[in-house]
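Chains: A, B, C, D and E, in written order; residue numbering restarts at 1 for each.
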Amino acid sequence: QALPTDAVNTTKLAVTDGTVKVGILHSTTGTMAISETGSVQAEKLAIAQINEMGGVLGRKIEVIQEDGASDWPTFAEKARKLLVEDKVAAVFGCWTSASRKAVLPVFEQYNGMLYYPTFYEGLEQSKNVIYTGQEATQQILAGLDWVSNEKKAKTFFLIGSDYIWPRTSNKIARKHIEMHGQKVVGEEYFPLGHTQFNSVINKIKLTKPDVIYASVVGGSNVAFYKQLKAAGIDLNKQTLMTISVTEDEMLGIGGENIAGAYACMKYFQSLKNPNNEKFVAAFKKMWGGESVIGDVTQAAYLGPWLWKLTAEKAKSFDIDKIAAASPGIEFTGAPEGYVRIHENHHLWSKTRVGRARTDGQFDMVYETADLIEPNPFPKGYQ
Amino acid sequence: MTRTPQSNLFGRSFWRIDGDIAGILLLAALLVIVLPLGLDIFRLNMVGKYLTYAFVALGLVLCWGSAGILSLGQGIFFGIGGYCMAMFLKLEASSPEATKIQSTPGIPDFMDWNQLKALPWFWEPFHSLSFSIVAVVAVPALLAFIVGLAMFKRRVGGVYFAIITQAFAAILTILIVGQQGYTGGINGITDLRTLKGWDIRTDDAKLVLYFVNAALLIGCLLLCLYVRRSKLGRILVALRDKEDRVRFSGYDVANFKIFVFCFAAALSAVGGAMFTLQVGFMSPSFVGIVPSIEMVIYCAVGGRLSLLGAVYGTLLVNWAKTMLSESFPELWLFAMGALFIGVVMVFPNGLAGLYQQFIAPHLRRLTARRSGGAAAGAPIIPPHTAAD
Amino acid sequence: MLSVNQLRVSYGESEVLHGLDFTVAPNEIVAIMGRNGMGKTTLMKSLMGIVPARSGAIRIGDSEITGLKSYERVAKGVAYVPQGRMIFPTMTVQENIETGLSVHGGRSVPGDLYELFPVLLEMKGRRGGNLSGGQQQQLAIARALATKPKVLLLDEPTEGIQPSIIREMARTLRRIRDEKGLSIIVSEQVLSFALDIADRVLVIENGEIVHEDSRGAIDEAKVARLLSV
Amino acid sequence: MFEGYSLAELGSIFAMQGFAGLILFSVFVLMALGLAIIFGQMGVINMAHGEFMILGAYVTYLCSNFISSYAPALFPAYFFIAMALAFVASGALGMLVEWGMIRFLYRRPLDTLLATWGLSLILQQVFRSVFGAREVGVVLPDWLMGSVAVTDTIEVPINGLFVMGLTIAITVVIYAVMFRSRWGQGVRAVMQNRVMAGAVGINTEKVDRYTFGLGCGIAGVAGSAFTMVGSTGPTSGQLYIVDTFLVVVFGGAQSLIGTIASAFTISQAQSTMEFFLSGSTAKVLTLLTVVVILMLRPQGLFVLKVRR
Amino acid sequence: MANPTDYLLAVEGLTVSFDGFKAVNDLSFYVDSNEIHVIIGPNGAGKTTVLDLICGRTKASGGSIKFRNRELTAMKEHQIVKAGVGRKFQNPSIYDDLTVFENLEISYPRGRTVFGALAFKRDAAVRERVAEIAEMIFLADHLDQRAEYLSHGQKQWLEIGMLLIQDPELLMLDEPVAGMSVNERKKTAELLNRIIRNRSVLVIEHDMKFVEDIAHRVTVLHQGKILSEGSMERVKTDPKVVEVYLGH
């Protein structure tokens, strides 16, 4: 089956007759290591599984891992190293939008391929990136519609960390809310790492919103939910919907502090389908029974698989051919069910709503009937 | 009088000119000949990036080493310099044609994402390259002037000053991150492409920028050397040790502090601007507390009293960071931590101290046989002046 | 009481004391005289354990104290009034004196200290750093006495003190010596004070003892000559 | 912004807002007390202070796991055990660090900044290697997580009360130890003139070691308490460092009252502004206020004036 | 009493209190041109505080200090120096890291502004003046030595030299011979007697022998007030002075 190296690699990538090199570029140190560890594990799992099945175009995948150290310039430096020095055929990496923005020009300049796993704010599209997470509308709109119907919600309080993703997400959410005649009664942002939420909790008590809509990220979450609970806000009575808490964050928050909250994601570890059961089992086998899998971790798992499928369709590792062949690639083995790459290099995927349990898992309470079309430049929401 | 002071002084300063200038020439040779020949363009560009931090370290040598003013907020000035440059480059990259898919073409992309409909007023002047270049130096210097005026006239000093500059770094970071419509937020200003139509992303451009950067650094080094050797340089040392005595010798001490602080700020800003040009973006992660402390560490590793040491220290720490994190992703923080502790504990005067202790005596013996006896009989040089 | 044997002290490469030998008897007051830079302070500091001795031995009574840390020497009965006073500036006068109590666990400042230096009682709530130079000098002596020493080291105690108190001090120190039975080593440049107080005078020059006279037989002219070369 | 709320509602909101300010105040004091000793009294710029706090938090985490698996009956009270252990662990590490590193640097305060920065990097990586990069969830006994209803509309979080109580207790202890005991006098003497303190009979090495250990131990207790309100991860400690230093410096480094006054000012400024402005703006304005006041009172709120 | 404007320095009604304690209390005294004026008095009388007030280190609570008819109380330290007042501290305050030459050069009154200092040239005038002063303070052979290694007495002289090079009209010395050997005291007295051409010197000292050697006029301070004033002979025999200061 193996095609000659000359044929699959016309651009001097690090491909030999037996191997192909790829890069993994995440933070294993610094504040973002908390979130990115799961992605690294998922990508390594996928690569191990692919290698076990014979690799890509008959070549075993070799991984070069670099540490972005939660520092955007370091991401850029390491990306350049992977592309220029190591000549990797694909990079799986980045988590925050900031790191992606930092490496994007590098990938475009040196013509590399990045598989980016995180749900993000949209407003971007690149030949050199496959976005395996959701852009904002895929994550937000269906979830908002669901709470509006289910909880008869009229008023919303938006709270997020102070950076582009929460702000952009909330902008879209606000448009959507106001379009439907509902009302935003508060919108607050806190610096990353902020740990004091008592004032905003008082404001929430004052405004009595039907829904608290939260996009607080990182360690701040722990403080936020513990303080909510301590302030006597019972999430079984007060509806809270988050677009930033996955099973990963639940570890630190503690299930008992967030139980009852709703999260709007495309994947939960508790999803019941054969793909997912296999995936969860394999993940735990590789990384230990204690480990949990969040939305982004699953999206990261898709990266190597999508790349393999694309390379095999294109019969080449050449970046241009991969980019061109990507639209339409389907991955039926996806733990989230089934995904397909759109023309715009994002994935078609479902929106799901889960309810947090005390054991740190989610019960899925809703999923969209169909895959939702990715729309990174949503008209009417800008 | 047995010896005239003139002849003594001449002898002494001649040796110093030889020593320092030779050091600078050696560094220049390393930067413009050895490294470009020895490294590929990717690594060379990385060295170029490291060298931009050396501007900050130079400023710290004057500010901290000479005058004893420790600023833990030099990232502020590095960042502002970088942002001024980035604003110009971003505007050039945001021509209406290049941004026609935006809802408001002609403004930077992040503004469009943040629903801005027009360019904010303070961005307007950055259409002009000459304004931007002036701003790179002037804005940070002005800010430093205001901060310095407020602090030094009130005689805030020492650790207090250090902590307050840290607070300023925190303030500025929060502002930049919070005002993302105007600043690009936490992402920074990314995707910079051309300078007056010249593509700064190509290998050739990187090579040119590297040399420009190296030349600027050598220039700044000479400038610092001039400052340090002037009477002003000696006054700085004097006020570090005996501020009251300087005051009672008729000097307005605050003015001198303000001057070095502004000077260091301007140097940092030049570094920041060169960073933007070579790396292609600027982000608030250079403004904050962590990078500011790291910059102090570069200076400490090099030897806080030595200008040349600062450059080598910067190179060493950054090179170590890159290499260790490539080779030992799990362990590199241990190594970095150990490096800092080691430098402080074992080589309190950094690389420069090492040089003074182990290399310089041999060199001196080789070069100055005649005065060799005098050197041997001289009192032991206390460590804190070794690198002066 | 105190015996010093072949004491050598150096700063880095340069040796300052070149093998000093002397003893101080119980209840004796010895004045160490010498010009500037001859090693008086260095001697005091090395007796106190502040600068290490390169070789030689120091004993208090029967116990060797050569290798001990400062605070251990204080426990053995050495007390020190440094040149330059070294008051703890932000602590009150009373607290300054109390620091001297910690070594024997005393609770409160013995009243006789305040009797010796009435000005300190008057100022006991004032911060040490705010005292005038002479007041600080008195405080430093009181603080040293609070440790109940057997041997008291005084490094130029008259520096900055008004003439009447200097005179008083000679009397006071002799009285303390008589009452408490301690030995005193005092370094001085001023001959008159030394003559007032000392049982014996040692002249130190370039780190060696060059002259010794006991009270009554002091060759004033010779000492004066040695002090003003 | 208050239209549509009854007076009673507003009243209770302000009461709760005041209480939120008090909690923040307690948090600041707790963070700063250890540093007030280490930095204010000893002059060591300990950039690893946050890591000593997080060590306390991890100890609490281990303790909660251990007790819930082996002695579930003790669980409701485990927090007290955890705090004691946190004090011991951070204090012991502090003494070790003092012995291995700090004692060589007393004459070079700015160098302590660099060395402890290195230490903080190492500790972070140790935490990461031992506990993983992710945050750990510290399970708290239920009684700590509720709130008491003072009136129908005013609810007060119990963990807030707990932190406040703890703060008061620790403050009193520190005040007694540092300013009312012979030991504290020794500490101050050593810090003002180490050589002379030895020469009046104080065992300076012991004082240094135990004082540093005490400061670190208190950091550990603070970290333990903060598991109730904050996150516990390898880098969580860095979040606290700037605020902590600012509180201590703003107070006037050598004064305990100053530290408390400064914590009060900053917390009230922040919580009031947070209510009327956005979180980020409030933070900026708080920091600016502190800086401006520091310019007016360059040595902090409470200075011990001594002539130079 | 002569018109205050005739005096080089006129201190009138000067008062300062620290937390209610009046260290200097409604003090008035005058310093003539070309005189060596010594202030003596018991420990804690307020002598150092008076110098602190004159040179601007401590702010007065009341009263005036006129130097050549210019009010000093409102001026900053460096302005007072520029007006012609030099101050030596009780402990020698010199720059340990610099050489004797550099110590003197820094005090040379040219290039005192930031840019002046940047442009400052070590020209012949500077070198000559430094050499001249060094000669005067017995340090001509030590110009290249680091100040740290000077003896105590030499450090005191160096600091005096640093003031002399500024050519002040009023030189204030706080216990200049403390810690000096007998010989050095003599030389210092010589030095002071030599330098008073065109200037006045205000000295605080406890060494009566030294005071006798130098004083043109003596002011005795006690509890912040003047106890006695006049020539050394007169003061020495004043019973009040003997009582509180000299002792019997």
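Quick note on the criterion: a residue touches a chain if its C-beta (ideal position, glycine included) is under 8 Å from a C-beta of that chain, and two chains touch if they have at least 3 such contacts.
The shown structure was predicted, so the numbers you read here are calculated from the model rather than taken from an experiment.
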One chain pair leads in contact pairs, namely A-D
State the chain with the largest centre-to-centre distance from subunit E, centres being mean CA positions. A
Roughly how far is subunit A from subunit E, going centre to centre by Cα mean, in whole Å? 75
When centres are defined as mean Cα positions, the distance from subunit D to subunit E in whole Å is 49
Need the CA-centroid distance for the pair subunit B / subunit C, whole Å please. 51
Measure off the straight-line distance from the CA centroid of subunit A to the CA centroid of subunit D, and report it in whole Å. 35
Using the touch definition from the top, which residues of subunit A touch two or more other chains? 28-29, 162, 189, 191
Of all residues in subunit B, the ones touching two or more other chains: 174, 177-178, 244, 330, 333, 379
Where subunit D touches two or more other chains simultaneously, the residues are 124-125, 238, 278, 280, 283, 307-308
Under the definition above, what is the set of subunit E residues touching subunit B in their complex? 55, 57, 76-78, 81-82, 86-87, 89, 93-98, 101-102, 105-107, 109, 111-114, 117-120, 122, 127, 130-131, 134-135, 140-141, 143-144, 146, 148-149, 162, 166
Subunit B-facing residues of subunit A, complex: 28-29, 65-67, 69, 71-74, 76-77, 80-81, 84-85, 96-98, 101-102, 104-105, 109, 121, 123, 162-164, 167-168, 171, 189, 191-192, 377, 382
So in the complex, the part of subunit A that touches subunit D is made up of which residues? 28-31, 33-34, 36-37, 162, 188-191, 193-196, 198-203, 205-206, 218-223, 226-227, 229-232, 248-257, 360
Where on subunit E is subunit C touching in the complex? 18, 41-45, 47-48, 90-91, 151-153, 175, 178-184, 186, 206, 208, 244-248
In the complex, subunit C touches subunit D at residues 48-50, 69-71, 74-75, 79-80, 82, 86, 88-91, 95, 98-103, 127, 129-130, 143-144, 146-147
